[in-house]
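As written, the chains take the letters A, B, C, D and E, and residue 1 is the first residue of each chain.
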């Protein structure tokens, strides 16, 4: 259906935190891929492993306690999990760039914007002069729609508003033309009007620069408006995957269904919101059975006793729910089937 | 393995009634260093309480014929220039040092808390005056202040203790003041006000208990430094008086024997170091357990 | 300069330098204005007095005065001066200079010249002033007339405080004289780093030929006894004062070092304030005298470097009564006396000196030993201490029950011990025990103006008998203060007063 | 129409900015600048606006947790702004508050039982037994169980804590509840639970809400009337249906169009409001929105538009409509 | 900035004034008459009375106080009752001795402490981390006088590597110009003396440096660990920056701010708190100077000495605050 190349492929990724309280499998056999130039949305509630997934890709897990305990992260068929720190450094910023949720804290408060931008350039363009780097920085600042680019370069982060800082972060991420941009909740900390500006910008840049974007968010609205494809995560697992229209029109997993229904719609007033009972389980607390079973209206005995796999329900649509069993099992899931027997 | 983990997390969130103190204790137990520290402190507390049973010899039992004997089976730590058993004196000394540490810190905590709370809660000119007073006291070279106070009151253990308490007051005062100021901004104080609670109740039910954790942490560490300060004053002859077996005083008495009878200096010195180390370890552990924000 | 401490004590100029480590710095280098021994230690080598003490005693020897003569009535003294002596600034030393010095003192006030008033009663015009006038009789004779006879007058004059200074210098410098002292002595002042060191160097024009032998003499303050000994061992200094008795052995064992002893001219005692119960009862005081084991104390804390005391003054001083028997260590007798006295078992305060002094190397520890002795006979005590100045003040006010104290003689005269320490008129100053005995007072007062030595000594001997019976003190020890020096030092003789002259000291 | 339960007139809060050697006042943050509105019994008034526009400050002033700089707060015939601190404490029985941060608004050292009982103790309601009973009752009402009373805040999830916060607000049987962003810290699925709970309670207990939020969807869902705040002022105030269907103020229009809609098919004409919210310490002259307004006119930079009724029950503070009103 | 400094200096006035008052009252509460102390045991009553009058001690305390304050206003710190030397002329040499010692100690403490802290944080839970932190813990638990004595005994007496007393070779004294001997010897080109001076510094400086070193190491470590968890460090790493640069450029600059506070406080403590070290090493410093003055009841010296130490202490804090704003552009002092 889509013949774009798969740029980044995550296979059976497993990331565990080894804490005093025991092992927390924050990311538990995740598979997905990101194609050239697409915007892939990852949604899920707080703590479901979105950030851990992205940090695993970047090789920036807080370690200790975090560690990739299984799976592969293939970028152009190169397995990032196998790279040394030194090789990984060449990938970061150059091939994969990342922006974070908190524009307020993601910039170093003690260095000027210019300093931080040119630093990002000079790391990967060792033979550039300061001047070249500065020019490039200024150009990027204009690209992300920041006025007074030259002046801003001399200013410190605290002198900028949240929206401006997030633009700087985007500029910084894109400064070395990465192939992949991971944006971890880039607008959560911003006001709606500013969020709209930033999302607009990201869409524009994606079109212009053809950078593939992995957009992590918990806001279904953002997904609907910005992404082509979406992955829904729940408690460290992917529970549903598919193109945006499909997921929103035909959500198959009860969780996705509930999630979509529980958002108050601004366009028309519902008398009562749909609500999913209970709360998200801590990763690792449920080992057997569907992790959503306890909150699921349709849960059967089977859901508690056996773990569902990610079932391919149509060409581009996968669901982790027994209701959709019987359709063909995706090849990636074989690994999971084998390893969940532990 | 992972089953156990699952159970504990479950327990914490849904089953057992674990109060904040219990949880702190739980965290505390996890740190080996803290447990070792607490063990050392407990050990010295036991020495302090049961010293008279543990010590093989009376603390002031002189025996001039057995002066300055090297450590032996009879006198584990040797004897001093009065022929007194150093081991016994070190054991008794635990009582003195712990007494100084605890009581001076309790004194400064009480006075510092009162001043800090008044300053932090009422603000305005009261705050200005008290804060300036703290500034003044802090700007004093603390040892000189302690020496002056002892000079006024006369050298004795009790007065050294008072001097140490006084020099520590501004530390606790400031700590509490800033804590009160920050807690005042907390939303649960706002919500306490919102339910119509009066200042007094807010202060004593909410602000005070919540400002206590850093005080406990700081207090533990302050006990450690109070013991060292007392030893320093004792060393200058301004602390405990003879024949009190205060470790610092023992060190200063033993100075002249450093070459001829080093054991007279080594054991009291080690005792100070160990006790202080114990309190420091415990304080670090408490900080991690009680005040995760202060955690390193 | 190589600055390497390993080298022998000679300087790069080929000169001989000796560093004398001591416990404190000088207050001033003008001997007339100070009272402390550390100041005198330096000035005695820059200045000279009319009369000198003997090398190791307080006998009177010629100094800047060749000869002297006193009149029968003890009111006039005539001094014949050395000739050809010059001050270090070139000013001539003569009768005129001496008179100017006396004028300076006599026209001063107690604030400026405290020692003068202590020793000579007062200044010009004062009621109690001893000295009436000082006149030059030609170039080389000085006549001093007194208002009333003073037996220790010549001994007083021999004290370093009354050394003769260059009138040109003190007139020019005024209050600053203490920073730029000029005398006739063997050494002249070079520099003073406060709290650290005073440097004096050889006076090349010194009138006594062949002296001094050293080129440079440095007085270095090292407060702490152990540190000072350390510095000696490491060669940072050559000679150290104030050696702990306990360290005597290490020094003797060290072939690079020699132990030097200062003849004793002091007394360390336990005062019993006779106005405070239970010590208002003479029997209790006597009991305490029996209770204390002086021998053991001396053995333990003076390391044997002291002599058991039985009188309030050391035996080297004329007038010492060796016939006084003193009190032996006899706890039984003490208990019995206490019983007789009806001692109620009241716990007393035992005051311990906070500082080390030659007569009391470690007040705290001696107090501990005494506490034990007292407890053995049934007197419970609590050891109390104050910071030194407070301690003295409170003793002066008679606030202590029993206290450790001591005295080092200034001029080697019996008066300087017995009168100063135990006369009723000195209550409120040095008679801390508040001892008062009319008979003793009469004896001591008479002795003050008795110029016949034998008669005078008799009076003192009588007084000692009474004092011993009244037992206001427990005299503990006459200690031998210790010094240590490199074994290469020659000719050093420690003086009992603590002010050592370096005229003949040499380094091999 | 009956008297409204709460009527706010010309409410202002200026925070002084202190600096200089003696900490003298060198400026003001006009956090809330002349706000007026009313709330009828049983209804929900929603207040929306971007961060820093003064929503919380308004809410807190209503309870006198912050002293208003100016203005009247009439509640059941009393002017709250004039009450003595003692009287005000009594009055708080009838007005309660639910806070944004379910983690920070509960004292971590007190058990849930203690937290819930406290308002009763403070107001001297009932004896120990009755109080316990009421605690139990309210725990049940907010969907928690009896044995939760012994636990401590950190042992609950965010949603549960927010229920506890609501229960606490209900302890004294208040008439008015001011909810300051009660759901914005919660996940969507939890948010729905809490919103439902609040709606149910309102019906059951005849509560009146002032619901502060920045999520327009949530506000629309729960409110009967909505006020839009911008930089310390209410710029538009109307029935919620009307407001969402027919926003008048350019800011409201921009705001509504900025909200992402979870429907990939939904296409609309987006009005992107440029720039950031100016600082309340130096608000723009005239209409405070003119710096970002796509329909700016000359007058906007000069004169401050007043909140006037443009259509029936629909007030707006914008010169565009003032003119229309004038024209008519 | 200048405005801010001016403001801070103005705020100092009440603190220092309060300080003079407290010191004044405390030292006058110490029993013991300076006149008697100065004149010694032999002094007569008349001599004491005369000296008291001369020193102005017979005036009521408030007159004495205002007299003293009046002097201070004209820059007169009074003169030592004992030596009659104006405090202002002699205090600098003591202060310089202490400054040299404590600065040297502080530099040691900072260089070693900060780097140990960084490396510990970088390689958290490594053997280096454990060893360094054990040392740091022991470091804050050891009484310095005991450490000083042990050092003196080991390196001075036993091994004979280093001198144990004073600041210079007494036989070849440094000609004081600034009284900071390191400077003086350099100015005079006496590098042989410089080495001697440095040798004298080592033992006392190490004794003195132990505690601040330990505290700084611990503080740096915890501050670094916190900063290293921060988003901007993650951002820097996400750019592909080398760990070394991330740590020494991005993290350290942020982490150093709380450490600076500690450094300021410790520096203040060193200045006034070096008494024990100065005693053990016969260092002619200000702590010892004031301490001796206390035992001699030399009121002007005590008053002015403490005042000056306090003044330096608050100035150090001011400098630390100014450094904050140099490092952290967010801190703007109006």
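Annotations for the structure displayed:
As a working rule, a residue touches a chain if its C-beta (ideal position, glycine included) is under 8 Å from a C-beta of that chain, and two chains touch if they have at least 3 such contacts.
In this text the structure is predicted, and so the values were computed from the model without any measurement.
Chain centres were defined as the mean of their Cα atoms; on that basis the chain farthest from chain A turns out to be C. Of all chain pairs, the one joined by the greatest number of contacting C-beta pairs is C-E.
Put simply, the C-alpha centre of chain B and that of chain E have 24 angstrom between them. One simple way to say how far apart two chains are is to compare their mean CA positions; for chain A and chain E this gives 53 Å. The mean-CA centres of chain B and chain C are about 46 angstrom from one another, to the nearest whole unit.
Shared interface positions of chain D, defined as residues touching 2 or more other chains, are 157. In chain B, the residues touching two or more other chains are 13, 151, 255, 258-259.
Looking at chain C, residues 226, 386-387, 390 sit in touch with two or more other chains.
Note for the complex: chain B touches chain E at residues 132-133, 135-136, 139-144, 147-149, 151-152, 224, 228, 231-232, 235-236, 248, 251, 255, 258-259, 265, 269, 272-274, 276-277, 280-281, 284, 295-296.
By the touch rule above, chain E contacts chain C in their complex via residues 30-33, 36-51, 53-54, 82-85, 90, 93-94, 149, 152-153, 156-157, 160, 163-167, 169-173, 176, 192-193, 196, 279-282, 284, 288-289, 292, 294-297. Only residues 45-46, 161-164, 191-197, 199-200, 218-226, 244-245, 248-249, 258-260, 262-267, 269-270, 272-277, 279-280 of chain A touch chain D when the two sit together in their complex.
Listing the residues of chain D that touch chain B in their complex gives 60, 63, 65, 88-93, 96-97, 99-101, 104-111, 118-119, 122-123, 150-152, 154-157, 165, 168, 171-172. Looking at the complex, you find that chain E touches chain A at residues 124-125, 229-243, 250, 253-254, 327-330.
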